[in-house]
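Take a look at this one; I'll ask things after.
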Amino acid sequence: MIDKRIPHTDLDRLLDRLGKRGAVYAPAKDEAGEAVLAAWPQSGPAVLEYRNFRLSPKALVLPQNQTLMCFKNGDVAEPALSDRETFLFGVRPCDARAMLALDKVFLGGDQHDPYYARRRAKMAVIALACARPTSSCFCTSVGGGPGDAAGADVLALTLDADLLLGAATAKGRELLASVADLLTDAPPAAVKEAEEQIQAAENQMAPVNVDNIALRLRDAYDSPLWETASQKCLGCGTCSYLCPTCHCFDITDDVRGGTVRRVRTWDCCAYPLFTLHASGHNPRPTAKERWRQRMMHKFRYAAENFDQLFCVGCGRCIRNCPVSMDLRTVLKEVGA
Amino acid sequence: MARNPYLPYPARIEEVAVENAARDIKTFRLAFADPESAAEFRYMPGQFAELSLPGLGEAPFGIASSPTEAGYLLFSVKRVGLFTGELHSLEAPAPIGIRGPMGKPFPWDRMAGKDLVIVGGGFAFTTLRAAIQYILDPANRARFGSLLVIYGARTPGELMYRKDLAEWQARDDLQVHLTVDEPDADWKQHKGVVTTVLEGLKPSSQNALAVVCGPPVMIRFALLSLGKLRFADDAIILSLEMRMKCGIGKCGRCNIGHKYVCRDGPVFTREELKALPVEY
Amino acid sequence: MSQTVAVQESASPGAWEPKVVAFLCNWCSYAGADLAGVSRIQYPPNVRIIRVPCSGRINPAFLLRALQNGADAVLVSGCHPGDCHYISGNLVARRKFALLRDLLQYAGIEPERVQFTWVSASEGGRFAAIVEKVVEQVRKLGPNRKLVKSP
Amino acid sequence: MIASHEIETRLREAAEGFLREKKVDIFLGYEKASFPFRTSPLFLSAAEKARRLVWNPFCTANLAVYLPRLFKAPADARAAKVAPPPPTVGVVVKGCDTRSVIALIQERQVPRDKLVLVGVACPGMMDARKAERALGSREALGAGEDAQGNLRAVVEDGTEVTLRREDVLADACLECRSPTPSIHDVLLGSPVEAKETDAARRRTAEFESKPADVRWARLQQALAKCIRCNACRQACPMCYCKDCLLDQTRPRWVGAGTDISDVTLYHLVRAFHMAGRCTECGACARACPMGIDARLLVRKLNLEVEDLFGYRPGAAVDAAPLLSAFTMDDPQEFLTEP
């Protein structure tokens, strides 16, 4: 519920205040002029005009390299898990929503993932609503929206020279209370205008039909579609590594001098080695099976296991595929 | 606080035995380094564990011992890659890590009171050995009906657990049929594939369950034979292999459809598998 | 096996000594190093020798891995042109080495850290002189900090 | 200069003819993508679908990358028995793509007699990323080119923006010295003059003029962005190895993660494996989702290859690949002497 207001000019003070409590990440421009989520404070004020970051913020909960344990002289040492709070400001609603998907994997089931759990528990997300979705955005089709607060603790949106804020969780209420002196009540007219702005953004987005997608995919398991759809796939990991919900990982041992680190690194279902048995057998031997797996995992298996699609419609995979593959085409064609 | 599921229990190798004539399968008897770890590691036959060697990583293996064999764990490992190659070079009392137990065991509740047919081939006999030892334990034997074991290998030298097999064949509370594709001069038992023996013995499917582990070809033909013998799909129990890393359903590579072999398997009934894509 | 293999881990603790990993071909350069040893020719004990079948066997990844694992320099030596036990292994390798050296230099790795030479089985003295030169150059450069994987 | 749409028409006719007359089993070209500055590779096997083919200044992909897998040898004798005969493949090639095809023929990865090369004299392709960056926060909804070859884009609010050709041409095209396919079965468009440009040399010299430590620092800064997605490798037609050294685990030459040392090793090894083989198409750099100039190191190697050995990758079908040949008087001034 959006009910608070802070002028843009005071945003830095808010971020500085959070910086006293822990690590803060906020939007900045990199040397190429592209928006990135970077550690605060930065050389200038936080950037508020951007579409989305090229990299999703998942690395902050699931780092691309994470030491699980160290072996030295016969002893095992677990790395100390940080107690430091982390505040993410400016994450887009799609990426905030993706955290909920990751939660299902790493916090659900019989076994919690302690490394993920700690980072997640210490994290507060201030999502920034989108006023200008891109042509590859389709969050509204997969359950989200440009003003969706799912996965966020606070939802913010920019309106003229102000930032409007509202808490979405207890953690978010606590966060806003801690900076209450910087905030004023948002006038109802501004809130209304904000809601209209979100509505306008929603209307801009071209819908993608994911009705019954799990069922449609189940029936299309043996469809020739997979062969043709995957033909041009190069087998790189761009789509997975940029995806905010892709979470598959590898565990390898890294030997440096007398120390062995057992390291978790991102992995990707497009790689042939992902499922290769030591015997040489590979249950997913070609791009066809691997690409099908990617689609099935996101739109069918995740729905079956977690009752949630593992796609938030951020469009990164579409925008960054070196051969311009577009999963929306497959979603449209499957079972059509 | 819950134990970190990525952290192996410390253990050491107590004994290494060569299992086959080709000398590429060894059985490792492992003991936990401390009683607390041993007490925490509670498992049932059919489950597996990740063995861990610092610097080489981890690899999953079915547990070849039964919990009734107290004080140690057995793992039979074929030398195929980097990890297993290094493991094969180790001797007692080398330290090793054990992470687990993982996955679902054989459906022991359902197996109670049933006649059991166990069909195994080659190297994939490890968890079947665990199951047989478990059933034969004096405290358990009365809970199960008849026990028929059919175990085949390419040559007599490739049959694993020779001592156990001899002991079982000397008992009268189970039937053990051994068969090889290529007998040597001393071989006096069956010749041919396990399915021939199975179809020859014609075990009844009434109130019976079949447990099948082996190479893919054997499984395919064993399923055909069991079908002929009218074993229903939910009366046939299989165990799958898959490349694994985390072992706890997170890392995302061992799935068949929406099931993770590490967490929802490795034991599946044929009925369960029929509902899944054939991607294994 | 030549005496050079027995390298002392630096004299006084904390004092840095160059570590040079030398990849020597089995037929010429390794024998040359051996001859240096049996002839009791003095040369710096900073070199660790890895014997390879032929300089043509050298994969650039060997050298990069050595640097990554903390070698201060790598030295590759094969038979003189025309002397290769496999006729032309060293000649094929020569092109690779020329390019690899240029690549690493371009990337900003000092050229003294990646060196190539030919040493025949009879050139014990030449081997010792080359090791002396390489170690001297690396000593001047100081420890390798590029590409080394931090612990 | 012949306009793109004329070439497009002739390309469709050619592809349709080849497919209808069964002169090719598969035709590789480009189709429309979801974004105006891009195209997507198209695998055609039906003549009636030839109208999906497009030709415009965004046909950047090097389609030679798909050839080795189409002609991949069966894994073993058993597979060979049941393997279908190799297909005949028609493929659209620009100057750089042709060099890749030649290099693949040199390395016996693809058979010339199974290829129908539809060459297009290439005026240079636009780099989608450069164009997107030039538009800043505005997104293009449509694109085309004007008579001078400048890029015209329609952005969200309906206004038209002109981007100067020189500003959006792909880096590899700015450095290209042989834009017209040197071998082909059909040539579309009038041959484009081979420009003896020294753009690559100037870029390399600029980097080289810096002290070693600065070069290293700049390399590390560029590679710090790398996410190890392998896109640079996968997009490269010359990276066809069945087991890439960078993936090997016995032993593992390069660590799996994004430790800067491992990332550097990855890029050094990848660059070195391109020595004498890189045909300068720029696919690696364009594929990089992080905007790393993946050609930084390879560009230098190619100049060395030319200066030391007088060799240009992908120039001649019958030339021996550079690193599988030698001469007695190859340069060896770099050797250490006592």
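When the chains are written out, they are named A, B, C and D in that same order, and each has its own residue count from 1.
By definition in this document, contacts are C-beta pairs under 8 Å (C-beta built on N, C-alpha and C of every residue); 3 or more make two chains touch, one makes a residue touch a chain.
The structure displayed is predicted, hence computed values, not measured ones.
S.K.: Weigh A-C against A-B on C-beta contact pairs and write down the one with more.
M.R.: When A-B is set beside A-C, the one with more contacts is A-B.
S.K.: Find the geometric centre of each of subunit A and subunit C from their Cα atoms only, then give the gap between the two centres in Å, rounded to an integer.
M.R.: Each chain reduced to its C-alpha mean, subunit A and subunit C end up 48 Å apart.
S.K.: Could you put a whole-Å number on the gap between the CA centroids of subunit A and subunit B?
M.R.: 40
S.K.: Using mean CA coordinates as chain centres, what's the gap between subunit C and subunit D in Å?
M.R.: Chain centroid spacing, subunit C to subunit D, equals 36 Å.
S.K.: Per the centroid of Cα atoms for each chain, what is the distance between subunit A and subunit D, given in Å?
M.R.: Those two chain centres are 31 Å apart.
S.K.: For subunit D, jot down the residues that touch at least 2 other chains.
M.R.: Expected reply: 249, 255, 259.
S.K.: At which residue positions does subunit C touch at least two other chains?
M.R.: In subunit C, residues 149-150 touch at least two other chains, as defined above.
S.K.: For subunit B, write out the residues touching at least two other chains, lowest number first.
M.R.: Residues 81.
S.K.: So which chains actually touch one another? I want all the pairs, not just one.
M.R.: A-B, A-C, A-D, B-D, C-D
S.K.: Looking at the complex, which residues from subunit B come into contact with subunit D?
M.R.: On the subunit B side, the touching residues are 81-82.
S.K.: Within their complex, state which residues of subunit D touch subunit A.
M.R.: Those in contact with subunit A are residues 33-35, 38-43, 61, 65-66, 133, 136-137, 139, 141, 156, 227-231, 233-235, 247, 249, 252, 255-259, 283, 286-287, 289-291.
S.K.: Contact residues on subunit D for subunit C in the complex?
M.R.: It comes out as residues 204, 207-208, 212-219, 245, 253-255, 259, 261-262, 264-265, 268-269, 271-272, 275-276, 297, 300-301, 304-305, 308-309, 322-326, 328, 330-332, 334-338.
S.K.: Taking the touch rule as given, give the residues of subunit A at its contact with subunit C in the complex, in rising order.
M.R.: My answer: residues 256-257, 259.
S.K.: In the complex of these two chains, what residues of subunit A are touching subunit B?
M.R.: Listed in rising order, the residues of subunit A that touch subunit B are 68-69, 71, 74, 76, 78, 105-106, 109-115, 221, 247-253, 255, 260, 262, 267, 269, 274-279, 283-284, 289, 293, 296-297, 300-301, 304-305.
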